[in-house]
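Chain naming follows the written order as A, B, C and D, and within any one chain the residues start at number 1.
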Amino acid sequence: MDNDALRSMNWRERLYIIIFFTNTPAGKRFDTWLLVVIFASLVVVMLDSVALYSDRYGGLLDSLEWLFTGVFLIEYLVRIYCHPEPRKYIFSFYGAIDLLSVVPAFIALLFPDAEYLLVVRAIRMLRVFRVLKLTQYLSQANFLMVALRGSKQKIIVFLLSVSTMVLVFGTLMYVIEGPSRGFTSIPISIYWAIVTITTVGFGDIVPQTPLGKAVASLVMITGYSIIAVPTGIFTAELATAMRSDSLQQRCPTCEKLSHEANAAFCSRCGTQLFKRNDPDSDRSQGSLERQSD
Amino acid sequence: MDNDALRSMNWRERLYIIIFFTNTPAGKRFDTWLLVVIFASLVVVMLDSVALYSDRYGGLLDSLEWLFTGVFLIEYLVRIYCHPEPRKYIFSFYGAIDLLSVVPAFIALLFPDAEYLLVVRAIRMLRVFRVLKLTQYLSQANFLMVALRGSKQKIIVFLLSVSTMVLVFGTLMYVIEGPSRGFTSIPISIYWAIVTITTVGFGDIVPQTPLGKAVASLVMITGYSIIAVPTGIFTAELATAMRSDSLQQRCPTCEKLSHEANAAFCSRCGTQLFKRNDPDSDRSQGSLERQSD
Amino acid sequence: MDNDALRSMNWRERLYIIIFFTNTPAGKRFDTWLLVVIFASLVVVMLDSVALYSDRYGGLLDSLEWLFTGVFLIEYLVRIYCHPEPRKYIFSFYGAIDLLSVVPAFIALLFPDAEYLLVVRAIRMLRVFRVLKLTQYLSQANFLMVALRGSKQKIIVFLLSVSTMVLVFGTLMYVIEGPSRGFTSIPISIYWAIVTITTVGFGDIVPQTPLGKAVASLVMITGYSIIAVPTGIFTAELATAMRSDSLQQRCPTCEKLSHEANAAFCSRCGTQLFKRNDPDSDRSQGSLERQSD
Amino acid sequence: MDNDALRSMNWRERLYIIIFFTNTPAGKRFDTWLLVVIFASLVVVMLDSVALYSDRYGGLLDSLEWLFTGVFLIEYLVRIYCHPEPRKYIFSFYGAIDLLSVVPAFIALLFPDAEYLLVVRAIRMLRVFRVLKLTQYLSQANFLMVALRGSKQKIIVFLLSVSTMVLVFGTLMYVIEGPSRGFTSIPISIYWAIVTITTVGFGDIVPQTPLGKAVASLVMITGYSIIAVPTGIFTAELATAMRSDSLQQRCPTCEKLSHEANAAFCSRCGTQLFKRNDPDSDRSQGSLERQSD
């Protein structure tokens, strides 16, 4: 989209294009600044939790937090103002995230001790994805999503098997080691089994009896081996997703179905293949519908 | 299976269809409730092991355990009653699991201190798979099983190699570090080697001599590198399993099931293969036979 | 190989077939017993290192060790006697391993305090592979070896990159954290970097300064991400190895090169493919040369 | 390149060929010695940091460091002297690394306490890659680089998702556990989340409340599962890179390099492709141009 096209629109339309899309120079500058402000506000939230800094620069950090809240509030209102369907935006995923960037500061005025608001503030990080969403990364993230969606059922079967193992091994360790050696209850033993089967191994609870160590060895080798399962599932799905991307046109002469990405000629018989309307252009087409939220 | 077909059966047949299958609305409701009761009973077992809760709500938790035992007992008897071949059910894998959900409570009456019964109670979790077994997850779990079975021999070779490494490294560390630095015996040193090679790293035993640290580094890098082996094995097998499924068309002559992509002739007997029309039709057929257990 | 063929040989030849191969009933029995003795001798070595058992059953364990040494000595002498080329056997890999199963006991008579002999005893475990070598696991282990050999150069490049990272990160942490916080020297810091990058994380040395923690986070995320590299290398090689196994004959009609494993007919044109002399028979042929060592 | 060709050149050209390439016997000897000196100088740097050795052999280690610095200085000057375009060499990547091998010793004369120079010294390790660069490992490293470059965007999306998770989980744990249980600030909690999600698990900070343990379990299982993502990405890219290499034949019309397996026509321009006869011939050609830096 060039600057001339942009100039022919009215003010509100231009604002909409700049704020919600990245394919204009102004839109790119807006997104870059938004990223800077988001990261700066996250740094302020983090520094404020460090006793050393909050004691010394508490006032400054509070002021900055209010400044960023102000910026996000203005941005939120402008987004509502310029969106063609404000209601749709407000109830969209990113509309909710945008609102959540603003409210904690005001709620904190009412309930100054509400520490849980910190988590709400951290959720601001999700806004970073909205900026990325509009770039080249979109299609790459799509591959990952397709692969994850394709492997959903296998992942559920896998997680359920792991849960069963963790439950049985945890109970077993509780019975073997007993409360006097750190395995104070079945939930704690299950926590230990998760720490061990995921190969994290904090070392805050460790088996002390020979039998406990033998079972722990079994848990560790199991964990080490079954890490192969999610990896295998995801790799196989991702390979399929990447392959099927180039799988979209039948050769009119020899009926060969799968072709290389961006193939212009069939590699078996040399017949010219027709582009499906230029893969990049149709991404920028229709993008208004898909990318607005 | 529609409701009319169900109504034309007698009471015992209807019960059988409802309890053992999920393709009726009543069967789905039954399975959902069964899942709820199984998870609830597991939660009770877990809470009872936490000193805080067992002291305060011991009586309530015991009553609940008896309630769930009663439910499982009734369910077990009904399953025996309505199954066309009760003997076959009783000696099946899930028949045994169903029985194990009931007996611990009664054995606990005779031997009140038998802590090992807790493990038997945790095994109830396996019943969750029976419910899943009848759904869409079945075919996905099958993929995983086919891949695991196909990689069995390679996994055994791998585990044997790891065992050898763990034995040799464990003995080496015992000799290098010695009993005074936590490596009190060869079995303990082997336990340490397993903790390290699987990258769990509890930190309860750590090498303290420079030579011991050098050998430990070697163990860690080995463990980090060979994690690739089970992953590679499983991924390669899973990819094969997934690919061969999409080509699953039975050869009309020799009944060979899986064929190469785009195969026009059976590679075993040379019979011409016809493109299959409805990939799902043969999956929905015959499902009653395959899913009963 | 059937029993009649075996009976027509002289005593020494029969012994050779029984001891060095597994395709006779007697050979299978011999291998099974050998496995039992190897594992029993390893258990004795392990138990002898546990103070509790060596104090109480020291005499018994010593006697058992001498018994197993005697068995291995006799086996070694019989192997030399019946092998057609004893010299070749003695200087082969397994010949050396067999000798190493015997000598530690005798050296221990001369130097009773030589603890390093324990490691030599643990090396007995390698003999287990000789037994496996002759079974169906051979071809599976071959796949793994082909994949490992194919990925050797990539693995070296990878290990060199990891070494460089570990060296640079280790030096960096030494400079940042300093001797007073556990990072007492560059080698120790490199050891810490290896513990961290392999995701083992013992926790005996941990960064304590904010900058140290930031660098440690970088090391951890690097380690977590690059675990993908050996896995990717190995998986890609293994997939190639498994695929190329079925890649060995050109179709005489349509010149299609790659075929399914054990394909008897070309899947593209239906032409009959000639077996390369039955893959299983040629494994049992020529096996005398290959499997003797 | 044979010795006769080398002899016909003048002294400076011969030096250039020997120092910058490995395909002459003299060049191979030069590279081997360079590797030895690099590793020896790194060992000296490491030993000097160990209090025990630096106290006892401080003078010797300092002398050796000066000796190696002298060798590297001479080598650097010779490289500048014999390179056809000295300016290009000086500002190349390896030119900078070569300079960094020399300067720390001289800067240390001016600022004797500048510990950060140690890191600069460790960077010498990178010179090892220049030697490897000229060998067979080049093409293998290229595969890895192609795969890494191809997966760059997916890796960025992945790392951003992990950052978001780590930020949100870290803040959550700070709120749940609080400063009194080791989670003293949000940055520290984020550090803990990184330690946990990468399955390192030092154990210096561990959750102590039941809710904290539940969230920690979630973090661990997340970390354990998503390790599949970079592995899957990299494996899929590497498989593509390896496959496309075996098909590398340049299209005579459009110069497209990689083609589908068994491609008979170029998929970009439709030109017929001829089967290539000698896969290695074009690799040994033109190697002089490609390998100089």
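As a working rule, a contact is a pair of C-beta atoms (placed from the backbone, for glycine too) under 8 Å apart; a residue touches a chain by one contact, two chains touch by 3 or more.
Everything numeric in this text was worked out from a predicted model, so none of it was measured.
Asker: Same or different for chain A and chain D, when you check if over half of the residue numbers at their contact belong to both copies?
Answerer: Under half of the interface numbering overlaps between copies: different.
Asker: Going through C-D, A-C or B-D one by one, find the pair whose contacts repeat those of B-C for over half of the pairs by residue number.
Answerer: The chain pair with the recurring interface is C-D.
Asker: In angstrom, rounded to a whole number, how far apart do the mean CA points of chain A and chain B lie?
Answerer: It comes to 30 Å between the two C-alpha centres.
Asker: Can you check how far apart chain B and chain D are, centre to centre, with Cα atoms defining each centre and the answer in Å?
Answerer: It comes to 42 Å between the two C-alpha centres.
Asker: Any chance you could list the residues of chain D touching two or more other chains?
Answerer: 187, 199-203, 223, 227, 231, 233, 235, 239, 262
Asker: In their shared complex, at which residues does chain D touch chain B?
Answerer: Within the complex, chain D touches chain B at residues 199-203, 231, 235.
Asker: Contact residues on chain D for chain A in the complex?
Answerer: Residues of chain D touching chain A: 153-154, 156-158, 160, 163-164, 167-168, 170-172, 174-175, 179, 184-187, 190, 196, 199-203, 206, 210, 213, 216-217, 220-221, 223-225, 227-229, 231-233, 235-236, 239-240, 259-260, 262-270, 272.
Asker: Name, in rising order, each residue of chain D that touches chain C in their complex.
Answerer: It is residues 42, 45-46, 49-51, 115-116, 118-119, 121-123, 125-126, 128-129, 132, 136-137, 140-141, 143-144, 147, 155, 159, 162, 187-188, 191, 194-195, 197-204, 223, 227, 230-231, 233-235, 237-239, 242, 262 of chain D that touch chain C.
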